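First subunit A sits with subunit B, and in the next complex the same chain sits with subunit C.
So, the complex of A and B:
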């Protein structure tokens, strides 16, 4: 039972990592939003599974909030934002797709090396997912720094938030509920603030490419 | 002795069924595109027609041009005898190595590229250059997805990998299998010149890869090459099917087991044929400069598959 549980957790975590890598590969904001939605659903399902098998009933509540907030509400908001600001499908990045993907692979390797001592210490059945969660964290950071459009960077930030939640779930079976709720609220507030910023950037510069922010208002 | 004849029968079965698979995919594709399409067995008539035609060879062609079709067909047949299709050979399995199978197929590709250059036609050279570009990008992925399977099974032997997965069904749910399968599938499409990378049904000079290489061939030589590439495609798909999802494959030579193994192989290949046909109907051919993106994505998948074997340990 524990073996299958551990495998399912690693599988779900790998799925989340894959959705992160899809952002490095695909072009176009709708694909990114779809990837983020999948990632949130996977995270929610996995949180519920860890809650069931780890005997932590409070994780059910976390899973439901995750599903409602990150699986349904935030993707809808993102889609609305994209509809309002969408200019062209082809997205710009500082690093080309091939290099991004290879860098993504290297980051996963780095995460594995980094978490090795931690893996040796812990005896949790979910420990195999730790390097995957850490890898997702690095990949989302890479998405934030390597993309030119502000909306893609916002998606990178949300994925970063997802990876931290994943790390909390597989590393410690979830942090106390109060802290979790605080984090959700922070993420939501952060997203709303960024939404306002996106709107302002678009108003001022008529583009969402952060390259353009270097020059002064025309 | 019984096993030897079974291996020979299995090889012949693969050689005979391979064009049928390609024909089936063409037929499903035609149906999906609301055309009537030629029946799946049409391709056998085409091969027979080609075998009856005369051979026209350019005056500038050397012995390589004549040898290449035989080498390509020969290596494919040898690989067909290594891959577990209907049953898992035990005594004859010493040579059934994943590396041997993949690199024998590559040897055929290599000679085909040489033959494309041999006649000195512009198309042949262009096709060879493109094919080598694609193969150079797919090779690391093939090696890595093999490593991922070999690391989980503890052996590069094809039969052993299939047997291990049969003994521990949970392994097929492990990330090594889940990530390795799409990687190998993309590479199989690339190596056999299927749609997102190369379009097998057109001779458009700007985009063709495989067709450009074999443009100078005619008659029986062309038939051999077409047959060999169908066989290669069949084998790559069978390899993906039987290594990642080995259920149903016969582990003994009992007639009932063999029958079940044959049925399982047919079902698996039919599912893959439908998948390929749907994929080829839905996607357009990638621009040549976009191909490396897809192939590096499959490379990263394979890399993750290898690394996941380290995570799970």
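So, the complex of A and C:
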């Protein structure tokens, strides 16, 4: 039972990391939104699984909220945003696809190196997923830094939130419910603020390319 | 022990200043704003004066405070002891006339200006009072910053003027320089002790190693010296004082820079306990240089307020000479002579506050009428503004240290302290102390010369400009304020033997000063190798009066035979202002003597008639003195800061991605570092 549980968790976490890497590789906002949707569903499912096998019933509630908020509501909002601004399919990046993937791989390696002492310390059955969660965190940060379109950055930001939630679930079997709810609300607020910014950036500059903001300097 | 009345005075003082600040902001009319600010400030300073006098008379410190306010840093704690009360008295004695004067002086300002002026003036006085009452580091720094920021905004009243902008920049930069050194000084003192009250700091200082105590002392000298305006940290004084309105200049020069002295005395004597000879030697040297350079640059100024600002540098130097010499004497165990020195520096602090504020107010009255600070365009004002002229003369005589006024009394005590140092058989002091005596004597003489120039060129002879010819006497509020300060100069001078015991009381309990020693030290004399050097200002005044009376009799007798007529003008008919002795001409001999120091830039342009070069149309002579050592010290610093800022600016690339990359790189770096170590 223990062994299956551990493998299940690693599988789900790896799936989440894969969806993160998809953003580095695919071009086009619908693909990103799909990746994010998959990632959120995986996170929700895994939270429920950890709740069941770890005997933490409050994680069910977290899983449901995750599903509703990040699995259904936010993707729908993102799709609406995408339609409204009718962004071009080819998305711009500072780093090309090949280099992005190499950097992504390096970040995953770095995450494994970094979490080594942590894994030696903890005895949780979910510990094998820790480096994967950390790697997703780094990859999400890399997405935010390397993509030019504001909407891609929003998706990167949401993936960063997912990776933090994942880290909390596999690292500690979930932080207290109150904190979890706080993080959700935080994510939602962040998303709404970014939506407003997206709208304003679009209105002002007729584009969603964030590097146009450099004109605001001075 | 606290009586019920004492905290009441504290509450009234606080309420007065704060109410004055708020009322000035809310005032509807120009008149309302002016008088609301003046009323609040007057009430506040009167109550603060009552409080200070009570502490000085009873000798019992006042404790109060709001521990709940900013409790994390120790809360706001008020503890007013003798030393604090003495400086609070200075704040109040100058604050009251300055506030009254300001109401008349700023009559021409717009209502909007007056609101902020009244608000800032009250906050300025409140901040300065808080510094003197502070019982812990937080309260001290809080008051210090309120004082600095309020005075910065007061300097910047005429924001449009580029000269004012430059002055404000210099001032705020030097203020921050001081604060940057002040904070580590307090951290060093409190790191070894428990809390941050001054009593804790005293304990903490006792546990520091001698090397750390030296570091604390050096930080204190730099931090408080930048506020007091010692050379070479004085650069902001001649810039900021002229830019501010005159009653604010009076407060800044009369009171605010004295709080630098307060901080230095508090830290060196009270917290660190004094006792290190080279500290005194350093202060003595810094003081001598400040005094001499201050007066030398003052002599070359033709801007009346800049001249006064340089004299503040000079007088801060004299105060430090007294304090430094006293520290040296204290280090060699000559307690009673040291006490005279400490008292001398405090006495000169009070005296300088009175006469310098009086002179700035007088200068303000003059420039309000003539609309210029350039002395070369004044003249003849004694007939147009006789009362202002008389009051200015009182201040000039006091600052020139002529008996029987107060400047003489305190400089006399400083000299006595220095001469007492001759008892110490050490070669470095045998050379250093006579040098300091010489520099102080030279300073006093040059100061007298400088005020002959300032008074003569401004008030005597014929008006040099249309404005000066049409000047009118200042309004009553301004004259009353000046009269108050002038009478303070006279009373402090004649009543010096009564004032000095109060100073000993203020010094009680500081460093090695015991109440018994304070009581045993007599008035204005010290024992110097078996001789008594005694001087009685009232006696001097009486003999002066006799001489003046006899002289007046003689002149009257002579006038019976003489006839009154114009000054002989070499046979030319009619006198014009162009024949007058100018300020530049008066200072010319000294400019030649000290040419190496001044390095004047002179330019003589003679334009002749095209037909013959023997007919001269005009001669233009300009001579400018720029303090070259300012350029030597400050230009590399300013250049370095500017280059560094340009380099740092590159970080701000303007790209949101770059900023995000910084965040990510910092995170990865931190994680990597934790993993590595």
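As a working rule, the second predicted complex is superposed on the first by the 215 of 218 C-alpha atoms of A that agree within 3 Å, B and C clash if a C-alpha of one lies under 4 Å from a C-alpha of the other, contacts with A are read in each partner's own complex, and residues count from 1 in each chain.
Quick note on the criterion: a residue touches a chain if its C-beta (ideal position, glycine included) is under 8 Å from a C-beta of that chain, and two chains touch if they have at least 3 such contacts.
Predicted, not measured: the structure shown is a model, and the values here were computed from it.
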{"item": "Simultaneous placement of subunit C and subunit B on subunit A, clash or fit", "value": "fit"}
{"item": "Subunit B or subunit C, by number of subunit A residues touched", "value": "B"}
{"item": "Touched partner set for A:138, first subunit B, second subunit C, both or neither", "value": "second"}
{"item": "Contacts of A:94 with subunit B and subunit C, given as first, second, both or neither", "value": "second"}
{"item": "Touched partner set for A:154, first subunit B, second subunit C, both or neither", "value": "neither"}
{"item": "Touching partner for A:146 - first (subunit B), second (subunit C), both, neither", "value": "second"}
{"item": "Computed vertex angle (subunit A) for partners subunit B and subunit C, CA, steps of 10°", "value": "140"}
{"item": "First, second, both or neither for A:110, with subunit B first and subunit C second", "value": "second"}
{"item": "First (subunit B), second (subunit C), both or neither touched by A:9", "value": "neither"}
{"item": "Where subunit B and subunit C come nearest after superposition, their Cα distance in Å", "value": "18"}
{"item": "Contact residues common to both interfaces of subunit A (with subunit B and with subunit C)", "value": "none"}
{"item": "Residue numbers on subunit A that touch subunit B, as the complex places them", "value": "3-4, 6-8, 10-11, 14, 17-18, 21, 25, 97-98, 101-102, 104-105, 108-109, 112, 128-129, 131-132"}
{"item": "For the subunit B and subunit A complex, residues of the former touching the latter", "value": "170, 173-175, 178-179, 292-293, 296-297, 299-300, 303-304, 307-308, 310-312"}
{"item": "Subunit C-touching residues of subunit A, taken from the complex the two chains share", "value": "94, 110, 113-114, 117, 138, 141-142, 144-146, 148, 210-211, 213-217"}
{"item": "Complex contacts: residues of subunit C adjacent to subunit A", "value": "652-657, 660-661, 664, 667-668, 671-672, 675"}
